[in-house]
Structures are given as structure tokens and as C-alpha cells.
Amino acid sequence: MAPTPWISFTTDYGLADGFVAACHGVLARLTPTTRVIDVTHLVPPGDVRRGAAVLAQTVPYLPAAVHLAVVDPGVGTARRAIALAAGDGLLVGPDNGLLLDAAAALGGVRAAVELTNRDWLGADVSATFHGRDIFAPVAARLALGAPLADAGPAVEPSTLVRLPVPLVRPEADGFTAEVLTVDHFGNVQLAASGSLLEPLPRSLRVERQPAVRVHTFGDVAPGELLVHVDSTGQVAVAVNGGRAADLLGVTPGDRLRVTAG
Amino acid sequence: MAPTPWISFTTDYGLADGFVAACHGVLARLTPTTRVIDVTHLVPPGDVRRGAAVLAQTVPYLPAAVHLAVVDPGVGTARRAIALAAGDGLLVGPDNGLLLDAAAALGGVRAAVELTNRDWLGADVSATFHGRDIFAPVAARLALGAPLADAGPAVEPSTLVRLPVPLVRPEADGFTAEVLTVDHFGNVQLAASGSLLEPLPRSLRVERQPAVRVHTFGDVAPGELLVHVDSTGQVAVAVNGGRAADLLGVTPGDRLRVTAG
Amino acid sequence: MAPTPWISFTTDYGLADGFVAACHGVLARLTPTTRVIDVTHLVPPGDVRRGAAVLAQTVPYLPAAVHLAVVDPGVGTARRAIALAAGDGLLVGPDNGLLLDAAAALGGVRAAVELTNRDWLGADVSATFHGRDIFAPVAARLALGAPLADAGPAVEPSTLVRLPVPLVRPEADGFTAEVLTVDHFGNVQLAASGSLLEPLPRSLRVERQPAVRVHTFGDVAPGELLVHVDSTGQVAVAVNGGRAADLLGVTPGDRLRVTAG
């Protein structure tokens, strides 16, 4: 494939150690003209679901890129290391479900390989830092235009590890949906697509709390609960000038019932 | 105007979501050769004053750039979206006072426009993420050299929303000034310009606490309170090896009295 | 020397102020084609040992670069500002021990100078922000290819300030070693080289707690304590899916005894 000038980079490495920089260094050595867009490195440690959600909601806005993502509690065990082709992008990371929502957002998996080609890696591969020793070197070579098939043997996409599908259940007077993410502002994003809000009236309840269906935060008074279609097209619950997650006492994986109120 | 190779980027988006990266992606797609200097994305949510102070104190050290800044609690409401020309820079963000201190630091507003040209934006503009959908696309086009006047109609600078001017009151034996910022080290920066310190002796009081007027932290013993002209030219109160904000129990907006002691 | 296209950047400045960006701006103005790899800016304030450890463990993976590092509690006092040549890199920062472990990791100090050439600096040098006013300008000029000797007079390497060597004591049935770092995941890295683990059996004790010597986290059950050679070659204590530092109640500088168990 043609070289791509961009690599995106998502991990749970945090920003206080040198882990992210070591990977940037590996990329810089192998493909110095490629530029890196850091998606986030603050995925909670080992939280594959959160990593998958952030990556999937961000890739539609990134340029064509190799998307390097490492949230990898099974590092060094038998879990596969993989690369996927999807839309105009390539994704590189562990086979634990982290990459598949992003692949779907890019247009679906076109091809998948297991990263077994040791010629692409350095002499020493540690048992615990595959971001630096496997995934970054592979991402760099793909960014340089190496064929995906050279990274290792094809993997049947149906065998890729998938995360459980979050619950969304339409009901007579609304719906129940799992909390997908809580963002920096405390906004509560539900697994429900925005279309589920269409049949509902302006006056709603989120569990027992009254809420208003509006377009943006400032459409309600400060401190009031609102329900809206967020910037990714999902239903989200927010508080104007406040933190809905704190008000509702919810975290990702919890369920919320939204009904005509 | 000539294209500028730099965009600076300041928000309250935090680093744990994909918001910053989505904006980087929009910039990378529209103006791939422009490079981005992230000023900070840890402005406390909705704290326009803090965002304005950090940006104003940083722009003098940045190269000529389009300064993209989004701390925008009024996103999606009737508040205007604006771009300003100031000195060798352009500033893009909400009309809520965020940009004006930086514009002053760059030499003052030369021109202002309201961002109403929908041709510069994508097909879908969300109600809650104008950083991605309005401000970043506009910053990219300005970085590419598009004329400011093409972004929308001129705005009379006197109509721009301004933040309240922080209190600074010279007194017989010193001055009272509002706390402008508290930095990562707990240093307390006052709204007072360094020149207010000139008439005062070496021995001072900050409220009732004894303090010494010196040049740098190590000029006093560890744990001692000092008053100095900080690296931006403002009066600041610090503790050698400690956190003055904790010792004094102050946060931005509080007032401190500095007097001959 | 030939220009180098990379600068690495390590500080305790935090990410909430404009300090890091001001330095990026100084670099961008002086050497616009150089690219910066941020190692970390979350070294705890003034923690020179932590900064030294992170930098030393990261530089082996970075491209040839000028390594700019500022953890500088003595800023503005008589401590020297220095630049070192080591391996294919140059290091710039305060003479407080911060740079020497990284210099050793790069191959040892080949030359050292004190940064006294005021022609390389701007007109105004603040008393408290030498990262912006001294170290960044010097790093930029070195990245542009200026000779190290032009930065100031040679310094005898034996006179450079050194950090205390952390304790590592081999014992009859194992070893005692100081905690060198605790990473984002709570992994406890010891000052002991991985070779100290070789003579020990699979079944170990860390202080009184049973632990297993394995290759990676997933080799033990979730919640179990393990001892392994980490990705930098040091002995480290970890918990599969947990935080060893919390389980053991240790922080850097504490000592741990690892014995056949």
C-alpha cells in the first residue's frame, strides 16, 4: 500500500512514565517523516471497553492513518497480536476487542493478520511492553507502506475476540441503555443511538429524575438535567454547568432508563 | 494572508477523551503540513478566566500562529463564534472573553469577525462540539492563508464580550490584588504587575504571614514564603520547595494583601 | 555537529499551565523544522531522581536527539546549567544529577560544558523559568548544529553533581534493593538488575508475601504477586490486574527484600 503520513496512538500507559515516549521514539526511528496524533493515553489501566469506545468515536475525524492502540492486560500471554485493514485505515493492537468498534466506524474489517513476522521486530522483545517492541514497529512498517500480508498470516475475521455488545432495550415509553462512557465533563453517554430519542417528548425522566430533551447544555438552566444527541450521534445525559455522572451516580456499564416524563 | 505553519491549541477538554485528537484530526485533514503546539487542555471545565490567563501568558513565546482556543460553557447558545487578528497572530474561539487577554499580549485587536461562513464548515455541525465542527475548521483555513474577512462579517471590537478586570489596589504600605492563577507548583500569581513591588522593602507581609522579597525560590530557606516578580512579569507568592497556595489557602479570585512587613 | 531533527523534552512542569508550550514555542521559533518528543512533564515537582530514572529508561528508544530535561528545584541559585555529549545524543539541563543516568544509558559522558554563553539566550532571562529562557534556547541551537563548545567552557565530568546510588545488596538467599520507580500501573521497579533474579527459584517472597517468578503478568492468577525482569531489564514486582505498590505499601526510596520462598 501507499505510505501513510499519519499514525494515531491510543493506550492506557498514562503520561507520567516514559512508555508513550519510548513508542514515539520507536516510530521516529523507523519512520521519521510520519506524524503521530495521540488520541489518549489515559484509558483506565486495562479497560479495553473504554479504549475501544474512545478510539471508535475518534477515528472518523482522523486523517487516513495507521491506528496503533494498546490496552493489553493480556500482554505476553497467548492472546494474539493483530493488524486489521478497515476503510482507509489500518489498525494495530492486541486481539482483545479493542480495535473492532473502530474498524466498524471506518467501514468494517476488510482483512486481518496475526503479527508473527519476527523480521519486523527488534532483536529483543520484552514480555511486558509489546507496545514498544511489537505494535509500534509493526505500525511503523505499515505506515512506510509495507503490505499488511507481510506482517503475518491471515486471520479469519470471525475468529477475532469481540467485546460484549452493550445493552440497549427499547421499551413502551422509552428505553433502557448501558452507560458507554463518562467524559471529562461528567457527561453520560449511553449505548443508545440518537434515533431512539426521536419518538420521545421534550419532557423526560432519567430513572426518576426529571430531564428535558434539548439540543445543547445552555438550553436548560444551570444545574438542570438534559438529554441530547451528543457529538458522536449517541444519546447522552448531561447537566448544564455540572456533572451528570455525579448527579446520577453512574459509571460505564451501569444502566439508565430514559422515559417520557 | 500568507499561510502560517503553526496552530496553538488551548481547551478545557481534558486528556482522557478523544476530543483533543478529533480536533487534531480535523486540522490534519484540512492543513496537513501545519504543526500544532498544544498549550494546555487542562483548563478546569468552563473556567474561561483561567483559559484566558494561560493563553495570554503563553502566546508571547509562541511563533506566529493561529491560536485556537475553546473554553466554551455557552456552546450551542447564542454566544458568537469569532476570529480576531492581533499582532502577528490570529485567534479563533468563542466570544466570551477567552481570547482578549491574549490579543492584548500580541499587540491588541486589529480586526474581528463573526464565524458565520458555513462554506468553511463540514456538512454536520453538532450542537455541543464546536471545537471540532466550527473552530478547528476555521483555524485550519486561516492557517492555509484564507483571508479573515472570508470567515464572516466584521465585528466591532468594542462589542466583544470581556471578562471582569481583576482587582489591583495600591495602598499606603503595599497593595491588595486578586489571585490570577495558581500553577502546578502551587505558586500564587497575583493580578499585580511586578512594578508594584519596586517601592516595597525586602521584608514583607502577605496577609499576616512574614515573607521575603527575593529573585528566586532558593533565595530563602526551604519552607519559607517569598514574593517575587515571576517569569511573566507579575507579582507572585511562592514557598521554596512547597506550595504557597496551600499555605495561604487561596484559589484564583481570592484577594491577597502584600505590605511592608 | 550535524543538525539533529529531534529534541526530547522532560520536565516537572505539569500539563495544566502554559510552561511546556512556552518552551515548545521557543524551540519552534529558533528551530522550526526540529520535532519534539515529549518524554513526560509529570515528574513530581522537584523530584530529580524520578526525572533521572524516567529519562534514562527512555533515551535508549529515542532517535539521536538533543535531550532537554528540566527538573530544577535550584533554579536561579548557583547550581550550574550544563550540556553533555553522550553517545549519539546531547543532554541539556541543570547540574543536579538529572542528566547523568541518561548519559550513561547513551554510552557515557564524552564532554560537558557550562551554559554561560549569553549570546545564545534572549535579552531577558527570568530568575525562575530557565527551561524557557536558558535550556530551550540552548537545546535549539545545539539541534541546529552549533558546536557544544560554543555553549560555554568545558566542565570536568568528575565535578558534575551526582545523585546517590540506590541500594542493591545481594544476600545469601536473595537480595535487598531500593524501589527505583513506581509506574502508572503500580508496578514496583527495583534498583536490582535482572541478573540478580537468575539464581533464584520460581517460588519467592517479597518481604513476607509469597510471589512467583514469571515472565509476564498473565502467568499468575489475577491478584497474585509476581516478580519479573521488566522491559528495561530491572527486577520489578507486579500484581496481575492490580497495583503492587499499593499491595506492598511502598514508594520510591523504600527497600524491598526478595528471597527464595
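The letters A, B and C name the chains in turn, as written, and every chain counts its residues from 1.
The working rule: a residue touches a chain if its C-beta (ideal position, glycine included) is under 8 Å from a C-beta of that chain, and two chains touch if they have at least 3 such contacts.
This structure is a prediction, so every number in the text was calculated from the model and none was measured.
Both subunit A and subunit C derive from one sequence, and where they touch, under half of the residue numbers involved are common to the two copies.
The copies subunit B and subunit C differ by a rotation of 120 degrees on their C-alpha atoms, rounded to the nearest 5.
Separation between the centroids of subunit A and subunit C, computed from CA atoms only, is 31 Å.
Annotation for subunit A: residues touching 2 or more other chains are 15.
By the touch criterion stated above, subunit B contacts subunit C in their complex at residues 5-6, 8, 15, 35, 37-43, 54-55, 57-58, 61-63, 181, 183-185, 215-219, 228, 230-231, 241.
By the touch criterion stated above, subunit C contacts subunit B in their complex at residues 13-26, 28-29, 32, 45-46, 73-77, 126-129, 132-133.
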